[in-house]
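Structure first, commentary second.
When the chains are written out, they are named A, B, C, D, E and F in that same order, and each has its own residue count from 1.
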Amino acid sequence: MLTRSAIDAVVLPALAEDAPWGDVTSETILPAGSGATAVLAAREPGVMSGMAVFTATMLACDPEAQVEELLGDGERFEVGMPLARVTGDARGILRAERVALNLVQRMSGIATETARYVDAVADTSARIADTRKTTPGLRVLERHAVRCGGGSNHRFSLSDAVLAKDNHLAVLTAGGRDLTEALRDARAKLGHTVHFEVEVDRIDQIEPVLAAGVDAILLDNFTIEQLREGVRLVAGRAVVDASGGVSLETVADIAGTGVDVISVGAITHSVRALDLGLDIELD
Amino acid sequence: MLTRSAIDAVVLPALAEDAPWGDVTSETILPAGSGATAVLAAREPGVMSGMAVFTATMLACDPEAQVEELLGDGERFEVGMPLARVTGDARGILRAERVALNLVQRMSGIATETARYVDAVADTSARIADTRKTTPGLRVLERHAVRCGGGSNHRFSLSDAVLAKDNHLAVLTAGGRDLTEALRDARAKLGHTVHFEVEVDRIDQIEPVLAAGVDAILLDNFTIEQLREGVRLVAGRAVVDASGGVSLETVADIAGTGVDVISVGAITHSVRALDLGLDIELD
Amino acid sequence: MLTRSAIDAVVLPALAEDAPWGDVTSETILPAGSGATAVLAAREPGVMSGMAVFTATMLACDPEAQVEELLGDGERFEVGMPLARVTGDARGILRAERVALNLVQRMSGIATETARYVDAVADTSARIADTRKTTPGLRVLERHAVRCGGGSNHRFSLSDAVLAKDNHLAVLTAGGRDLTEALRDARAKLGHTVHFEVEVDRIDQIEPVLAAGVDAILLDNFTIEQLREGVRLVAGRAVVDASGGVSLETVADIAGTGVDVISVGAITHSVRALDLGLDIELD
Amino acid sequence: MLTRSAIDAVVLPALAEDAPWGDVTSETILPAGSGATAVLAAREPGVMSGMAVFTATMLACDPEAQVEELLGDGERFEVGMPLARVTGDARGILRAERVALNLVQRMSGIATETARYVDAVADTSARIADTRKTTPGLRVLERHAVRCGGGSNHRFSLSDAVLAKDNHLAVLTAGGRDLTEALRDARAKLGHTVHFEVEVDRIDQIEPVLAAGVDAILLDNFTIEQLREGVRLVAGRAVVDASGGVSLETVADIAGTGVDVISVGAITHSVRALDLGLDIELD
Amino acid sequence: MLTRSAIDAVVLPALAEDAPWGDVTSETILPAGSGATAVLAAREPGVMSGMAVFTATMLACDPEAQVEELLGDGERFEVGMPLARVTGDARGILRAERVALNLVQRMSGIATETARYVDAVADTSARIADTRKTTPGLRVLERHAVRCGGGSNHRFSLSDAVLAKDNHLAVLTAGGRDLTEALRDARAKLGHTVHFEVEVDRIDQIEPVLAAGVDAILLDNFTIEQLREGVRLVAGRAVVDASGGVSLETVADIAGTGVDVISVGAITHSVRALDLGLDIELD
Amino acid sequence: MLTRSAIDAVVLPALAEDAPWGDVTSETILPAGSGATAVLAAREPGVMSGMAVFTATMLACDPEAQVEELLGDGERFEVGMPLARVTGDARGILRAERVALNLVQRMSGIATETARYVDAVADTSARIADTRKTTPGLRVLERHAVRCGGGSNHRFSLSDAVLAKDNHLAVLTAGGRDLTEALRDARAKLGHTVHFEVEVDRIDQIEPVLAAGVDAILLDNFTIEQLREGVRLVAGRAVVDASGGVSLETVADIAGTGVDVISVGAITHSVRALDLGLDIELD
């Protein structure tokens, strides 16, 4: 699902950043042309994401390298499992190593954390969705990682869907304008393919929002009790999205209220790099 | 210390990523030309980093905006403190909001975590240094954030300093070559401005490495006891750098062994976004 | 609604394309520093689009130029009306002239043609929508031009909405799979913000498609009679979109069938540049 | 004649524009790895242009695709003729489809319209030339399309040749300066490889312009009678170029006056996309 | 004559190359915000070229800097003369210094050397022209420098003019084809604005080349005697261009033969940087 | 040691600069698909540098070309020796020719001149080092060329090492501050991998600079006598670097004083292109 151009758009500048005028260590110490084999190994269990990124980084540094992918994105692995094996030019592999690991560790870290949330709500119909709280420059990759972990993607950007928040509603109803009517007018300006979602902070906002015919309603910072009440009020007329105060401790309870989607910023904005290593054996 | 061009190289593509063809919500709901004031506020205590990034992001979306920076990079703040105030076009501020927060939360998260490590070793002479385990595309910004937290920067890239690791040493001494002599020869190939650091895994590697006249020696995954012994052996002949198994729990003990530098990957590879918010008041 | 960065992404390369190493005519003939005033004038009636593009092109060639915009995007004008006036460096204005006209004539041509379609369906509730048949590199600008003409935007790209066509349906139901179930399964893989539209070629496909719960159904190459039947069958359960065989001659009849959206490729893929000129008066 | 780099400079950004974060339809519906064969087919007769662009777009989306080009650029085709055949990854072909068609339809549209003008003047010695009224970003491709249709290219840009127009002449002769002398002085400042052409609006400007030794003279908006008189006056001392009021109705008469070149903006600024389709057969 | 965009296209990447992650010296030693005044001074006599490049480099590093240009491009200066004065941020000026000097020293070196050639032929009607032997990436700037020195520009690139050399002629006449006819046919394929120049190595090639109606003929590696004979044979029917063996010692004699243009590779491919310095006075 | 991406970053834009819209000569004269063989030949003796650049330029213009490299970078060659042989598409080779030669002639010119300096000091322990006086955009290539000639690289940029000059020292000691202490404080702010070098103009500055513990001291514009005295004073406590007044005439004497490094601007800022030619034999 990740295209080569999306990967290259991240990997090539990252390699330039990490070696703007070569790798002085390898060039000094490794004879030109010496070979190596490296194994990408799991030092903790997790969910794979970024295998194509790993491969592309290696090939960018050594176009002749042979990369064997031992696992697919979205698959789970245990400690010690080999995930990929690359054979090629030693200098190339060592130049690629850090960039490849930085990306794959982050992506697999996101997939693994997402999977924890997804597992926690497995016996409900709620989906775990990401947010726009991604790392600048890496959104396509991080969104893919969320999908690898079983999560669902929220709108990609400000361009592809409406999410009207408190500030927007304040403007819309300035001067005492009726919320329902104002939302209906706003929607009429949009193309018919644009998803229309509105965030509310209070139970009493739900009815007027729904009356305008929205696609989804985001209940922000609602208590479990309020969420349950909200779901009851919406009664299937729109997708119910919940956000705020979501953690591994709270997510099962939130899902239990019957919401359709739970948006979690932490799966992308606060990622712990998964512990993967590259074991290199020089010829 | 962050130049405008370094900031723009991150901010402008990030804004394009977050709004490739405009902000359909604001364009639908906010009247063109309506104004707003926003306050960047601390929702938890921390160390500031990225104030110029915040300002640049706002100005990129509204060149006429007035941004008041209430705190400088490297300064500490408490919960609830206003950090910056911006007045300008409402659509511009809302378009900038997410990108600005994504970057400043990450940078301040790094600075704050770095400061915790720095505080933990405050009564020693050890420095806390970063690594190349940074987010691809953001190294200049993340390195700056480490400095804001009182940390020190390790080599920036593969190009500007040598760090010879186990794999390199294995090649260098292949065929039974003497390590000291091999390192001396390697160094002779380098320009005189290139820092030369060698990583060792065992106590008995220290003497032959030092004999070659290195600038620094990296003791990797040494126990506290071994570090102490290593420092004693080096005896000031090179900078002593320690890595592996460094955490907020262990760092003080490591620093207590007398090492000069402690390299910590976690301050950049596993960052929790600091909780900062943008409180917007529309006109 | 067009951001400065979207405009610059087109205008700056266009200027480089049109003058890769300067303007040999002006540099030879016009004394450095000589001034000029130019008026953008309508040589035929139409609907304005691209005023900000005109201004940005002039300013790119002469940052000190004074541009007076006499009309806003979306406004109609008559033959002979002055649309904008620019005063500045003569060399700058002449260098900008062709690029500015090439863009504004195209955009206003699109807006004007779109408005003809919109006018033709004015007494119905149908919207005129564009397609992905835009000029490579100019989609953001051409979509804006469609809106200036009163049209509505269809999905922007392959990324932001699903439009499943005959080929997709063929794959989906390969091996005798039930269409409704297959579509329902496909939709379940998508984020909740993604618009889901399915194209059908025959009346009997409508019911199984609707049963899957789509957002919109595209009736492709239906006769007027079939469209009317289609609208009756859909009965408000999804947005009805019509495409194929749409021209200024047929559009009113198509709209009369009660469809919600009419997608027209011709308003972007076969544009006649509107006749606008730049009347220059050198100092 | 189109280099791969010129093609890629258009195709790669166009693909990114059309699928910034993937093709959600194909990724949802088509199994990874499923194959397809597609035929580029003519739905109306025309002149081919852009075959290499078609191929490059397909290969950019599927580097393993096999593309068979059944016709060369500049060749004519009839309704229903297959022009190219591509076999490869179904997702890749569908992702490439719209961009490939948008470009090839436009280029073949230009070639076909150009050929109509060329045919109309076939029994004269006049050439049909293009202008700088091309689509921003596509000049190299559109100029190639003009050549495919049998047309000739005018100057590519402001940089490579002089074309002094009324405004330039006004400046040159300001203060009562002699036109001939002024032009001669201007030309002396130019490198000897720069083509020097001057536009005139009146018969009486011809002699003083020619006296300065220009390479070509552009008779702008002359009547047929005036053109004939102009050609007679020039008498072979310079290339005679005609512009203004050129259409398929008038071009033969203009050519009949004996002019050498007829510059036509419409062949690039007001193109109707030629009706080509991609017939896809999925495996 | 140098546009800001042409200058920025060189200066901005050059600054990034020279300080990819800041200026560690200035950042360590100079207090943020300290000011400085710097004078660009001539340490040898020469001809100015690149003043706008100097200014742009300074402003790129300090947008608030005040730059006073004391001399214009093309003007001559003596040892010790101040050429420009800049007042601004000390860190910015020091960061800009090396890039500014590298460019201005090279450009003024070219202008100064060109002027020596121009002076050497001052009492003839011959022009000194440059070639395509320029520094990759700097052609626009180096061509400007040649003009500053009083030289003339040859074709800019392979795209804007024909220069058929021995290899081309060999192909053209392969199979015993008549040279005149072959050249005439080749020219007929070109647009009327394209300069057509043919290189010959022997006297007896001149007549057949001229018979084809070329714009210029390049006499390559002719002796003085042969040049004189060549000029006599051409007799004004085409521009006569001479190349090969041109040096400051030989150029006057070559010019004395009556050729129109003398093409000199050395003025761009073997430049000595002119000795200019930046005298900095910190506040 | 030159990576493909570093080469492409120079070669691809250079080719675009040299043929923005094709090669009108070859396209007019050479039949599409005609082949050629070309030999890169030495017209004067020298040291090879840029063989990979030559190959990359040829392959960029003809991906199918066969390039045989007959010599490696750093090897010496005599007049008339063939250095490389390329067989491929005639148009491709001719399009690549000028860019390939411009780069290889410059690089080999630098390598050859550097080797002259290196030879001149061969019986001393001094190294010849380059400076930041390189051509903007070509630093990575020119630094490589210096190494090919046996030279050593000084700091690459402002980012990777400190070189404090007179202006910096002036600021540092402003207000009567002690130089040693000030330098020690400055160094303490730097990461431990950053080389710290200080330039001095006078003998009496040496002791206080060394007392601060610098890595290297640069003796600028010292006489031979002063250099000898300086070396004696430093006594191995830091690397001794000499600059100013270095030429092929003086370098041996400078090296004879016992300095470790001699920095020479002229090997990069004033390069004479080495006389290499491409002898083309068309099929």
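Assume contacts are C-beta pairs under 8 Å (C-beta built on N, C-alpha and C of every residue); 3 or more make two chains touch, one makes a residue touch a chain.
Since this is a predicted model, take the numbers as computed values, not measurements.
In summary, the chains found to touch both chain E and chain F are B, D. In terms of their C-alpha centroids, the spacing between chain A and chain C amounts to 32 Å.
For this pair, chain A with chain B, the centres built from the Cα atoms lie 23 Å apart.
For chain A, residues touching at least two other chains, in rising order: 19-22, 139, 156, 159-161, 190, 194. Taken together, the touching pairs give a contact graph of some other shape, not a line, ring, star or complete one.
Per the contact rule defined earlier, chains pair up in contact as A-B, A-C, A-D, A-F, B-C, B-E, B-F, C-D, C-E, D-E, D-F, E-F. Residues 127, 129, 152-156, 159-161, 191-195, 197, 215-216, 239, 241, 260-261 of chain F touch chain B in their complex.
Taken together, the chain D residues at the contact with chain F in this complex read 1-6, 139-140, 143, 156. Chain F makes touch with chain D in their complex at residues 12, 15-16, 19, 21-22, 27, 60, 63.
Interface residues of chain D, counted against chain C in their complex, comprise 10-11, 13-14, 17-26, 28-31, 34, 36, 90, 94-95, 98-99, 101-103, 105-106, 109, 132-139, 157-164, 167-168, 170-172, 186-187, 189-190, 194, 265, 269-273, 280, 282.
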